[in-house]
């Protein structure tokens, strides 16, 4: 099939990232689309207002800088952005509206419930949906033919997140004695917690998990939660926050003088966000998060970073941006390979996607029979001086992991 | 002794926060009788009514309808036992029509809305409200509201009707008309009526017997003519004016 | 274990006092105007934004900015009552509810437009300080905030007891007809009351801004919290709001400590249900 | 035929024929309109007819949705049977809320807060029931989207459109019967004055309980629709406070206690939201939140200037004032 125009790059080739980057960027000229002038209309659904506004707008920033970059690669796209208002009724009607207005591919929708509602519309209308972010495993278990997800499911996030922890201990030569697990009790946090509790015993972790503490992210103050964690005497905190709740957790830890060797997230947003650094200052340092991250060493991510920093000098360059960019990239790539912007043609091209050079860490973007990209891969990022740096895997690392972290009072 | 009276009230007591509002009131009403309950303001008349109607539970004493105790029953159960009442401060169902107000009363004895509607129209005719039946009840004048209050209670088909100052605020001609209506009802259907009334014109014209109470205690009882001549009655009304 | 628990209870108590002040605003408004302010949490969020703005742009400590924010909210409350709510005072509850829901929607999305979706928090220089009182660790910010809340509540009670305006407002609450008869300007007094309630919210918002972050969606959560506190203490009772705040603060700590922390909200709602059923006038309210 | 009946017939015909001209987008909007008309009407039974303010009505949506969905997911029970369980569970919950509230004399704003407390309590409770997915959500297998399977409620969006249209028409006719029934009049009496109602022999407690339970049971059917239309349930979306607010907006804006109110309200509000979105987009306002801001302002204007709702106002202008027919007064 002519769809295989992207070069398959094996793992070793991927690791020699720098050179491959240039090759892929040159790809645009080689494929010669039939209708180069006609941009692909991508309908983007995000929760720009309502309770998920913060995450949705972060994704949108990534999307804003995308069309220019893709145009440079010979993949013109026209974005049509719609707000789901963090409301399932709106998500569904907006999806219909985007398709009615001519969207040829939909991208979205951050929230799992909204994504599933949109997926049903897409399935019905034969319009492909490329999921930027949504971790509920069920989405790709429904037998949808039009849904493609370039985001790991919760179990995968956790498996890799826990494995990376072992790598951290091995690299630094220190192993904690016992851990306490704090997680947000929302959709995402519970999916993660379920995976942690299921996978933890199977992964031969070098420390026991003494207690799991679920908390309500909206709860005004998290003093009790942290107090309870402190009382367990654990020297490692596994934390699955979902946004700014991690600020409250760390602040309480400092105030209550709870000094574990480290705070590590097995895969969740929060501890690498701008607000976290701004509010906590020096206390934000050394926190680690294991999650899919932007590969700092590919040419494409450097290009994205450059464009992004120019457009949003104050905003943080993080996962939401990378995945939203990639989702649009996947759609544009399929259209280019298909040589057509017709939804049917794009849909036919999507299952054979193989994008070796992209922005997130991990192997080439390919989809299995269920439409799930199985090549996503987590990295460990650690905060240094108010910035997240990749510390593992070492091939793409920008710094060396620090563990145990210095105590709160010992920080300049 | 003959059959039990329609209504028997005996030794009724009610305390409010240690204050004895009603203290040993007793009277009985035979079937077909019209009895007035009078006394100065604050004498406890309405409290007695509320105890008969089940709004308040008495702290002592008996209330019986045809020999069956009403004590412990809720207002709706008392109504279903055959006691209709009006409220001193009228309580019309303001946002529905006059006819529907009365219709709801008639639903006490029938499940058929059509039948209840026919009954409502009869009652409205009887009370001279027929031409206002489509109006919203909240738009009625005070006399008409009083009339509606009576119509609603009548529509429930009571054996005993408790009227709480339905003539107050009415013009003399209106009072006379209403008195005439009650007399007709009493004569033709044998309806038993107990009324609380300040308008002596109505009391004299309507009631066969008068019970006087003051500060919660019984004062005297007799025909209207006897009562107005009783010095104790005069005392309790005058005593109110001169401390 | 016991020291940990004692620490937590102290924390709950102090935080509860700050929440009390916010709830006090709700209670004052309901006690007099008889309108349940369903936009209460949203107003608190606005006050927190004001505190954040003053801190960020004028480097003003929230404790010092507090009077200004309270004044700002007083004006907001006064204007809201005069221009909007007054016409709804005699309307049924559901109308008031929808009106204030509309106000809340406007406030939430207005702050989204102005401040963006991110959480805004204030980090005062002493934000991480703690006092050691015997074996206990007492958080400095919480202690300051709770003390301020307590002082403001005390001042408010003095205002209602001692000043002419305060007495006139109480007269409106006790006997509206009587208040009209003796010639009180009820409309103005209602507006002043709403303003005072809003000023409480302003003060509480300034204090809360040091404890928690504010987002456009913070509002509804705070509204619910204020309701729980006020109902538990007694809607319309000032002492009740204080007691309710402390009770809810401490009981959430206990629920979080002994049960699952994520269930502590459920515990509060269970208390709310029990109070509504068994003692709807609240712990300190007078039975009507 | 009264003018109201003609209006009703025209409206029904228009909706039945709408799919001929409306594209999938418009159809999806109409589904939302009908859904809110339906649950609004169900809420209206409790508030508009019997005068009991429920601000936590999504409790019954959520219970209905979760019951039928859980039976389907775990036991394979088809929706058509599951809905009976949904109605029963929700009616029972309504009975609990109602009997506790009414027995202990919780009135007015306190009763409203009680309903919120129950809804919020249940939301957090459902976040802690692992068998129902907790906050991770309960997912229904989507299955075939092209056919029509009313037994399992699986099928084409058009099927769902006609289903919700039938439900809305059904509840409209039911309510029309109810307001002219003995029970309906009983509710009106209770709504207007409980003391006077009791004095006319009405068992106020039972009347209110009947209203809550019927309203809850009917609302649960809306929940079943919600579950099988969207195929996923999350406690914060099924039981969230803002869903309760959305439910009651339509009947209040349309006209409380009227039959056309909930439909008209839903017909105004949902398209208003869509319209504002389009208008702000057309005017070049891209900022998120501007739409809801305008929506809030519009809502404010409606309650301020048409406090009795749009239908009573429109009815007066259309010459459809009640009392035209012979005792067939439409509310």
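A, B, C and D are the chain letters, set down in written order, and residue numbers restart from 1 in every chain.
Assume contacts are C-beta pairs under 8 Å (C-beta built on N, C-alpha and C of every residue); 3 or more make two chains touch, one makes a residue touch a chain.
Going by UniProt, the chains are A, D = ABC-type branched-chain amino acid transport system protein; C = Branched chain amino acid ABC transporter permease.
As the structure is a prediction and not an experimental result, all values here were calculated from the model.
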Tell me which of C-D and B-D has more C-beta pairs in contact.
C-D
Chain with the smallest distance from its CA centroid to the overall CA centroid?
D
Chain-centre distance (mean CA atoms) for subunit C and subunit D, in whole Å, is 32
Where the CA atoms of subunit A average out and where those of subunit B average out, how many Å apart are those spots?
77
Compute the distance, rounded to whole Å, between the mean C-alpha positions of subunit B and subunit D.
43
What is the distance, in whole Å, between the centres of subunit A and subunit D, each centre taken as the mean of its C-alpha atoms?
38
I need the residues of subunit A touching at least two other chains; which ones are they?
48-49, 53, 56-57, 185, 216
Could you check subunit D for residues that touch two or more other chains and list them?
124, 127, 288-289, 292
Quick one: which residues in subunit C touch 2 or more of the other chains?
109, 112, 117, 216, 260, 262, 265
Contact footprint of subunit B on subunit D as seen in their complex
180-182, 185-186, 188-189, 192-193, 195-204, 257, 323, 327, 329
The subunit B residues in contact with subunit D across the complex are 53, 55, 74-76, 79-80, 84-85, 87, 91-97, 99-100, 103-105, 107-108, 111, 113, 116-117, 134, 152-153, 156
Which positions of subunit C touch subunit D when the two form their complex?
36, 84, 87, 91, 93-95, 97-99, 101-106, 108-110, 112-113, 117, 216, 220, 224, 227, 231, 235, 260, 262-263, 265-266, 269-270, 272-273, 276-278, 280
The subunit D residues in contact with subunit A across the complex are 23-25, 27-29, 32, 35, 124, 127, 134-137, 139, 141-142, 145, 156-157, 230-232, 234, 236-237, 273-274, 277, 286, 288-289, 291-292
Subunit A - residues contacting subunit C, complex
48-51, 53-54, 56-57, 185, 213-216, 218-225, 227-228, 230-231, 243-244, 247-248, 251, 254-257, 274-275, 279-281, 283, 408
